[in-house]
Structures are given as structure tokens and as C-alpha cells.
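The following pair of complexes shares a single chain, chain A, combined with chain B in the former and chain C in the latter.
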Partner chain A sequence: MSSFSRSAQQWATFARSWFLIDARMQPPGKIATMCAIRLQGKHKPIYHAMSDCGDHIVVMNSKQIAFSGNKWEQKVYSSHTGYPGGFKQLTAAQMHHKDPKAIMKLSVYGMLPKNLHRRTMMQRLHIFPDDELPDDILANLTEELPQPREIPKQLSEFTQEEIDAFPRLWTPPENYKMK
Partner chain B sequence: MVFLSLSCWIRSRGPDRYWKIQEIVKNAKHFRGRKNRCYSLAVKAVRRAFVYATKGRRLKKRYMRTLWISRIAAASREHGMKYPVLMHNLTKSSVQLNRRVISDMAITEPRSFLSLAKVARARQQEGFRAALGDGKEPVGVFSRVVLLQ
Partner chain C sequence: MAARSMLRSVWSSFAGLKLGATGSNVIFQQGTNVPQLSAVTIQSRGLRQVVEKQEGNTTIIEGHILNSPEAPEPPNPEAKCPIYRWNLQNKYNYTDVLLLSQFIRPDGGLLPRSITGLCLEEHRKIAICVQMAHRAGLLPDHKPKLPANHISKPKQQLNRYLTCWSIDSVKPIFKTGLKWCKRRMAVGSPLLKYNVRYGVKHINIKH
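Moving on to the complex of A and B:
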């Protein structure tokens, strides 16, 4: 670090990095908190609200986010068009079907500070429903962030030997009818 | 009547009106509209500005402290610790650096900040060992608080 000039060191400190998050099988709220912290720049010791020190975040596979519980049917996104009788309510499942990026976008939007910087920060958030990213964004990416939730292994992913080696509580008798 | 000629009728009603007005209006030179020039408007605006400045001096201390805390939290998360854990363990190890100094260290002296984080982590592990262990093990190095007389 001592070989860098002061101006080069300052340029490197205040540079904007590009982070990648894979949202496959992740709860959108946890992804959104990680995004919001980095979009504001609160992960940097040089943070100041006026310094515009936020980074770019690319979220991929937003089509495969996983709400916990019954939120797909119970969580409601409401809006009003402004005209009489224009109150619209969509469940999370309907919203996701209509636009796979919208849930991620709305959750990050709600977590950012409610000031005029919010729109600029949203411009720096890039959401893609699949894992196909355009070349110019791929060229900019610097770091991939670890996923907040450990994806549990599905039964079809276990090998037969692991299934056999798993301890059994009881063995059913021969003429036991299993559904 | 004593004034018997025109030259004696001239009174000096206060020779320093200009400077008395300037004393107030110079504080309003960066305001918008007529209140940066005209005395009666400037007086009200300047009084308001001074009141806001007084209140702001107390708020500044609060804002600066929250800024230092968020900077220390960001730096400690870079090293895998959280802010409350770091500060609690530093106070337990009798490191009496205030938040201003620690946040400046986190920006300009990252390696010293890393060493502080390691001290806090070591003290945390000693605390866990003391709480979960038998009590027969000796207390760790950082738990022995030295009182300087």
C-alpha cells in the first residue's frame, strides 16, 4: 500500500465494486437485507450518507426465491392506481407469476432509507430472473457473496448408500402395509 | 435656546449606526432574498439562524457518535465480529479508547483495528471458557484487569 500514490489510494478506496448474489432457494428478505446494506455503503468503514459510497449488486435466479411458511398465499402486495375503485391486491404467488423480479425489487425498496437517495440506489441494483447475465455486467463483477440460507438436501439427491447407511428407528414387519 | 446658528443645530445621533447594522447583517450575507440586505428582515432571520445553530451544536454530537458507531460496526463485520461484541469485550479488557478514535483507526490504521478485534475475540473466548468451564482452569490473560494506581 505504501507504493501507491495518495490519489491512487483514494481512488481505490472510493471505487464502486460489483457484487453477485445467487437467490436460488433463498428467502427474499434475507437477500434484500444484504443488498440494502451494500447499496447504502454501510459495509464500508468510510461510510457517510452524503458520500455516495454504495456499490452495485447483481441478483440472479430471482425466479427461484423461496418464501418460508405460507407466504406465497398469505403475503399480499397492495397498491392503488389513484383512480376510484383502483385498489389492487395481489398475493405473492400472483405477483411472482406476473413479474419474477418484482418481489425482490419491492423488498429491497422497502429496506432502503426513505429519502431521495433511494432511487439512485435502486438504479444500482440489477435483478435477473435466470442465471444468464449480459456480458457487460459479467465483466464488471468483482465478488460473489455467500448465500444466507443453507439449501437443505432433497431426498432425490441422496445416494442409495447414504439412504441405507442412515440409522433407522424401527423396521416394519414383513406383512406391514405402507401407503 | 442655546443653538444660535445653523452649524450648532446639527446633532450627532449616534455615530456608529452603520457598524451596528453591519454586525447583524454580515451574518446574513449568504441568505436568500431581501433578508441578506435589509436590516428589519435580516434581524429576524439571523436570530432564527442562531437558534438553529445552538440546537444543532447539541445534535451534532449525537450524529457524530452514530456515524462513528456505524463505521466501527462496518469495520468489525469485515473481520467477522459484531459491534456490540467488540465494544463489550474491549471495555472488559480495559481498553479505554473512545468511538471516535476507534473509527479513525478503522479508516486510517486497519492493521491496528485488526489487532483490537483480535484482542476482543480473545477476551470473548476467555469469557466463554470461564462461563462454560469447570472453574479449575486459570483465568485468561486478558481477563486480568490491571488497575493502575
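Moving on to the complex of A and C:
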């Protein structure tokens, strides 16, 4: 901004900001892409892989993420402890029950570049299962990012006028009694 | 005893009333309920509304025909299927609950095709959209009635959307396979592949 002084402009360019994302009813993959872009610093014109320009991201309500399709039952997270017979496979539902933050963490981890910077970037990602955030993080937040998916309205959330405004598509026959 | 005989006389006078367009007794039997001696309106789920009034010693049980409000003229009145009549053919989705709720019963089931007048493809599309809406939790008041002593097991509350398959029927994909032969997870239904999309990308059914 032309109205800023030189030092203020310098500070605004190179400061590390804190973003907030509400993951309620959102697919974890879409949230993870937004997180990965900002953790690397790719949303900034001053990006360089070597200059540590990533920002902090706080993801809240990770307990209420929504998978499309039947992924809660079909998606399997596999890991091996390194010991013989240590191959563990958990479905997304089991994983979420065990740890509500794990799915979000794993999806962001897989989207970051596979180098040594990944660990530091993951340290800058803060995931909370509920919407209760500690005070020091709340004080740091600068911007809330819009949710990637539009949450559809339930039938009970429509007002009576909206329901009446929608025309009846078909009329039941004279003698029909609905059971 | 006296009350019962009095009610019987009321019923016989009621039988002579002409109800709506057809004057037969058959319809009034359909909408009747067991008469109770209270001034409570007994509404039937169909097109008849049975109203009881108590005036002194006499109980008057009347059946009013609920006039379904005349819908505005559909854009394409000659078509047989209601969706084609309103030109909504490839334009609805599982989120359009106002549309889908017109074809379901109060406990969530679909109405038969012979009653609604839908053509077979649209009936199937509506069926799958209603299933997806139920699984996404968009129809919270259309759950089936459970008996009073039913104890539900504590289930994990998982948010989902576009689930085409039933939750219990799906098995985890332990071996996904290599990229060229990957076992994909289905999202949404191929019945809705012709839906209007205002973007460049095709809908991705296989994730």
C-alpha cells in the first residue's frame, strides 16, 4: 500500500500471519490443499522454497469433517511399525474415532513437498477437534479463510415462506390416502 | 349407550352429505377415524380433514376436502412426468430438498411411481438423490418411527455427502492397486452425470 511507511511495508510483506479455517462439514482434502499452499508460502509473491516464508494455519472443528461418497468405510490408512507383523490398516472411520485430528494431519502431510522443510511446516499447522481455541492462538489470528464447500441447507432450516414459495410439482389423485 | 345411538344418527345424516365432486359414500369411509367424544380435529394424512365439533348434545363430524393450492401453470404442461413439465430435467441434485421432499413419505420412503407420475429414469434419479440426502442428514424429520422401547446403540456421528452406497454394504479397500489399475471410490451417482454444470471440468465420480 502506498500509504505505508517503508518499515511498515517491509513488516507487512515479511510477517508470518496466522490463518483460521473452519473444517465443519468440509472435505479434508480441500481444506488440506488450502493449508498446504499457505504453509509453504505459495500464496505470497515473495515465495522462494529456501526462504522460510510459510504462515501459521489453525484448523478448527476437525472432528466434523465430511467425506464425500463412502470414504469413511472405504478409505484405508495403512502404516507399518517396522517390526514383523506390524502392518496396521485402519479405515477412515476407525482412525477418526481413535484420533479426530489424524485425518486432517495426514492429508496435509501428504500434500506438502517431501523434503526436510515439511516437518517445520507441520509444526506451523495447528489442528483442533472442537471450536475451542487457546487464548494465545486466538490472539494471534489475523484472517479467516472462506470454506471451500457450500454447506447444503437441511429441510428444517428453510422458512415456511420459502417452502410455500416452491410450487407443488404434482397433485395426488382424488382417492389417494398417504400412509 | 345413548351417546352411541346419538352418534349413529349423526353418521347416517352425514352419509347423505355430498362430499366434493363425487357424491359416493366410498370416499368418506376412507377418511374416517374412530369417533372420540372430544372436540379435537382428527387430521388424516390424505386429502380429507375430519373435523369434530360438539354443540351441546350433538357431535357433528364433518369431512373437509383440503383444497390443494393451485400450482402456477407449469412451463411444459403436455409432458407426462412432473419434472419434465417443469423443465427440471438435468437441474436438480441431492441438495434440492424442497423438490425431493415432495416425493417422499413422512417416514422417509419414496412414493410409488404410479401415484407421483414420474417417468422411470427420473424416479430412479429422485430415489438416489433422496438416499443421498438422507445419508447427508438433510432430511432430519423424515426418519422412520421406532417403537417406544427402542434403545439405539451409540453410533459414531460421521458427516458425509454424496454417498451413493448404503453404509453397511461397503467394504474397506485394503489394497488400492497401482495407478493404472487403481480401485477407485465412487462418489455420487452415474445417473446424475447429465446434470447441467456451469464449469469446464467434468464431474468426477471415481475418486
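Assume the second predicted complex is superposed on the first by the 165 of 179 C-alpha atoms of A that agree within 3 Å, B and C clash if a C-alpha of one lies under 4 Å from a C-alpha of the other, contacts with A are read in each partner's own complex, and residues count from 1 in each chain.
Here, a contact is a pair of C-beta atoms (placed from the backbone, for glycine too) under 8 Å apart; a residue touches a chain by one contact, two chains touch by 3 or more.
From a predicted model like this one, the values you see are computed outputs, not experimental measurements.
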Checklist entry - Just from the overlay, do chain B and chain C fit on chain A, or is there a clash? => result fit
Checklist entry - Touching A:S79, do we find chain B (first), chain C (second), both, or neither? => result neither
Checklist entry - Looking at the overlay, what does A:H97 touch: chain B (first), chain C (second), both, or neither? => result second
Item to check | chain B versus chain C, judged by how many residues of chain A each one touches | outcome: C
Next on the checklist: Output check: A:H43 vs chain B and chain C. Expected answer is one of first, second, both, neither. What do you get?
Outcome noted: first
Checklist outcome for this item: Quick note, chain A centre (C-alpha) to chain B and to chain C: the enclosed angle in degrees to the nearest 10 is 130
Checklist entry - Is A:Y176 in contact with chain B, with chain C, with both, or with neither (first, second, both, neither)? => result second
Next on the checklist: If we overlay the two complexes on their shared chain A, which of chain B and chain C does A:Q10 touch? Say first, second, both or neither.
Outcome noted: neither
Checklist entry - Once both complexes sit on top of each other, what is the least C-alpha distance from chain B to chain C, rounded to whole angstrom? => result 14
Checklist outcome for this item: chain C residues touching chain A in their complex are 21-22, 26-27, 30-31, 44-48, 68-69, 71-72, 74, 82-83, 85-86, 94-95, 97-99, 101-102, 105-106, 111, 115-117, 136-142, 156, 158-165, 167, 170-174, 176, 185-188, 207
Item to check | Residue ranges of chain B in contact with chain A within the complex | outcome: 67, 70-75, 77-78, 103, 106-107
Item to check | chain A to chain C touching residues, read off their complex | outcome: 25, 64-76, 78, 89, 91, 93, 96-97, 152-156, 158, 162-163, 166-179
Next on the checklist: Which stretch or stretches of chain A touch chain B in the complex?
Outcome noted: 42-48
